[in-house]
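Read through the structures below before going on.
What follows is chain A paired twice: with chain B in the first complex and chain C in the second.
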Partner chain A sequence: MNHAPLAPACAALLRRDLTLAWRQRGDIALPVLYALIVSTLFPFALGPDLALLQRIAGGAVLVTVLLAMLLALDAMFRSDIEDGSLEQLMLSPQPLAPMLGMKILAHWLTTALPLIVIAPLLASLLHLPVAVMPVLLLALLLATPLISLLGAVLVALTAGSRRSGMLLALMLLPLCVPVVIFAAGALAAAQQGLPWIAPIAWLGAALALAVVLAPLACAAALRIALDS
Partner chain B sequence: MAKWIPLWLHKLSSPPTFYAFAGKVRPWAIALALILGVIALYGALVLAPPDYQQGDDYRIIFIHVPSAWMSLFIYAVMGVSAFIALVWRIKLAEVVAMESAPIGAAFTFITLVTGSLWGERMWGTWWTWDARLTSELVLLFLYLGVIGLYHSFEDRRQGARAAAFLAIIGIINVPIVHFSVQWWNTLHQGSTVNLFGKSHIATDMLWPLLTMMVATKAYYVASLCGRVRTDLLALEGGKDWVRKIAAAEKSR
Partner chain C sequence: MAVMTAAIPATPLLEARALCFHRQDEPVFGPLDFRLDAGELTLIEGDNGSGKTTLMRILTGLLHAEEGELLWRGEPLHRDRCVGDIVFLGHQLGLKSELTPRENLRVAIGLHGHREHTDIDAVLAQVGLAGYGDEPVRRLSAGQKKRAALARLLLIPATLWLLDEPYANLDRTGIELVNRLLAEHIARGGAALVTSHGAVGFHGGEPQRIRMHA
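And now, the complex of A and B:
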């Protein structure tokens, strides 16, 4: 039996997912809008005190981006399960893990990348010093794919269950605690003018590990959750 | 199958055999837990002298420390049986993993509550974001995630396998909790009782602690036996051996 080699298959899947996302552009805007709303709520809740906002800005933006991603995570495989294309993907002759990696990449490009693009805006709403901005972007660039990868494994596990967003949040929290700690640690160090490269390096190391392992775990989880 | 594993161990993993075995073990384990628990409490609350710094307040460690040990021990048991369940697809291992989770969650909760009661007296605060406290809280969330995932599936065995996978992912937290007091400079004190080497605790205080540890282990065994028996009956509802038990119950 002839079948497409892995690389074109991956490219085709990526193109398909991006096209699907582009046809429903409104959905891409929703997490961005959500993050914007949450960020504007902070000054109302805490008062417009410049020093206080500056101090919490980094952490607040991180948590906001994380929550916005959590909202979007739930939809990662939903439409594919509903129309049966995920089962076709599992039956396809190509190995499942790299294909799922492509799906995760597409999901990251459509949900996390817009959030990273507006992150400087959110941060300046909360008066984060401009000098810290590159560190924020670097931390987000490393932390958001990590959350996408870890989240994908958990979403795959819940794929066969009755949906519940709360359950996903409960499961994701223990896994994303270290991510938040290191990302926020880098930001806090940068804000105090200390060297911030160590936590960023930890994030990078974790990302390298997750890029290799998470698609495999995700494939195993999907096989467990959809096996009936 | 490997030859060196004795035959009775293979037989034990079949639900009817384990059901009968657990029924025999359970009363002994309950009795052991009760007797040792009472002895340990007497030793802890009456015989052990007050601490020279903390007075009588330190006595909460006789609950706190064994619970904390159990919270990690049960997670390890859950992780190992989850691994067995996923690799060899043994039904009993799935049941043991899933029925351990609520017991472990209860011990973790007791650890957190007694710890914060003690912290209020000694540190002057109920809660502090220190590495060990936080990682213990994360452990509670892991337990709750496993329980929640298990119950969110229509099919119990499928739910058990998915939750077992989550339990294996979460096992990375166990060494973090255990070594948190060594890796980070925390408010929580380091370990006083050492399995290998000298413990930094008076013998009068050590023996009730160790007795309580055995008592909590016995309680875990008893509780697990009871829960697994119920779960096996529910899971194997249509099978012959369950029908026989049901018929025997009815004719009584």
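And now, the complex of A and C:
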């Protein structure tokens, strides 16, 4: 027997998921367009009050990006379950958790990263002060993978049920709250010229924990979902 | 089966003893006893709903049977021991429809490893997909998809093939192909469990048969 080593297996899976995402580029564009529309509507709904917009800009961009991520979240394992790829992945001699970690990474790269790239545009639509922009990007870089990882666990938990979209949104909401509080806390502090590193550090700590634990939880949940 | 005991090596590849499966207290099948040695082919026969696919999923380790024993090389079947040595081809082929057969096979090799002396082009030609290697799988016919999935069996190193209805969607040459691949795999010292509800003619003699009842 010559089993495949772990690193090339991870690379093969990551490349597969990125290739698939590239072949279905329209799916990547949807969350980006959604975020763009929502951010454009804020000034229309609230009026061109510069001070008001500046005050809410950070939080609005943050919430818009997180909601846009929800759009694509429930598709994370769906096609793999439907076409039997997940079964084949489980039967391969690779440990399941790092493989799912690769899938979550691919999902983050294809849904969250485009949103982070356009985040400065969204923020400038709402007149976010330029000085706060780096803090916004840093907060998004930590908050979005956290949402991807937490979301992946919930997607795995609801994978067995037919109409999981609604359930998923309801379950994810309470998990989003602490992420939003810390990210928004950092933004508010930065806008007031206060030190903002503490909430960012909390996000980083939570992310470090989630990177290790979420793929393990996903693997356990998906094994249960397929055992029926 | 008792007649054959003299010729059989001490530990069979796979052995089931009084294997039963219940779904919500409803018996699906069992009790079932069988053994499978390297170089042996077993045909699982049964009507629709008799639990053939369920048995396959138990043998892959995806499903867990509470009752009875399942031994892999003499030890209780556990994912860590048998994983990678058992390959499963079910109704869902595990092919990504947006990728080409070649890309799908490359991923399979990356995950499962590579059988010696095989390469993707040769295997694609062997299953009759020469010239279709770079066509997205979604544009292939049902039979061609099946052939692409069969190509995966040839490329990855696994001793036991679990084939759930491998003849479905295949034309006469395709059925002939499955039989030829099975015969070659058995000759290499591999083993295979095949489910079918139709009559099947294998190369190289009569296979062992397991009859399943609902």
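Note that in this section the second predicted complex is superposed on the first by the 226 of 228 C-alpha atoms of A that agree within 3 Å, B and C clash if a C-alpha of one lies under 4 Å from a C-alpha of the other, contacts with A are read in each partner's own complex, and residues count from 1 in each chain.
Simple rule for what comes next: a contact is a pair of C-beta atoms (placed from the backbone, for glycine too) under 8 Å apart; a residue touches a chain by one contact, two chains touch by 3 or more.
Predicted model, so just to flag it, every value in this text is computed and none were measured.
Shared-chain residue A:Leu18: touches no atom of chain B or chain C. Looking at the shared chain after the overlay, A:Ala217 reaches chain B, while chain C stays out of its contact range. Touch criterion met: A:Thr158 reaches chain B, while chain C stays clear of it. Counting the residues of chain A touched by each of chain B and chain C gives the higher count for C. With both structures placed on the common chain, the touch criterion links A:Asp227 to chain B and to chain C. Applying the stated contact rule after C-alpha superposition, one finds that A:Leu170 touches chain B and leaves chain C untouched.
Judged by the touch definition given at the top, the superposed model places A:Ile56 against neither chain B nor chain C. Overlap of the chain B and chain C interfaces on chain A comprises residues 227.
Only residues 153-154, 157-158, 160-162, 164, 167, 170-171, 173-175, 177, 217, 220-221, 224-225, 227-228 of chain A touch chain B when the two sit together in their complex. For chain A in complex with chain C, the residues that touch the partner chain are 1-4, 8-9, 11-13, 15-16, 19-20, 23-24, 79, 82-85, 87-94, 99, 226-227.
Partner chain A is touched in their complex by these residues of chain B: 86, 134, 138-139, 141-142, 144-145, 148-149, 152-155, 158-159, 161-162, 165-166, 169-170, 173.
Within the complex formed with chain A, the chain C residues making contact are 60-64, 83-88, 90-99, 103, 106-114, 116, 157.
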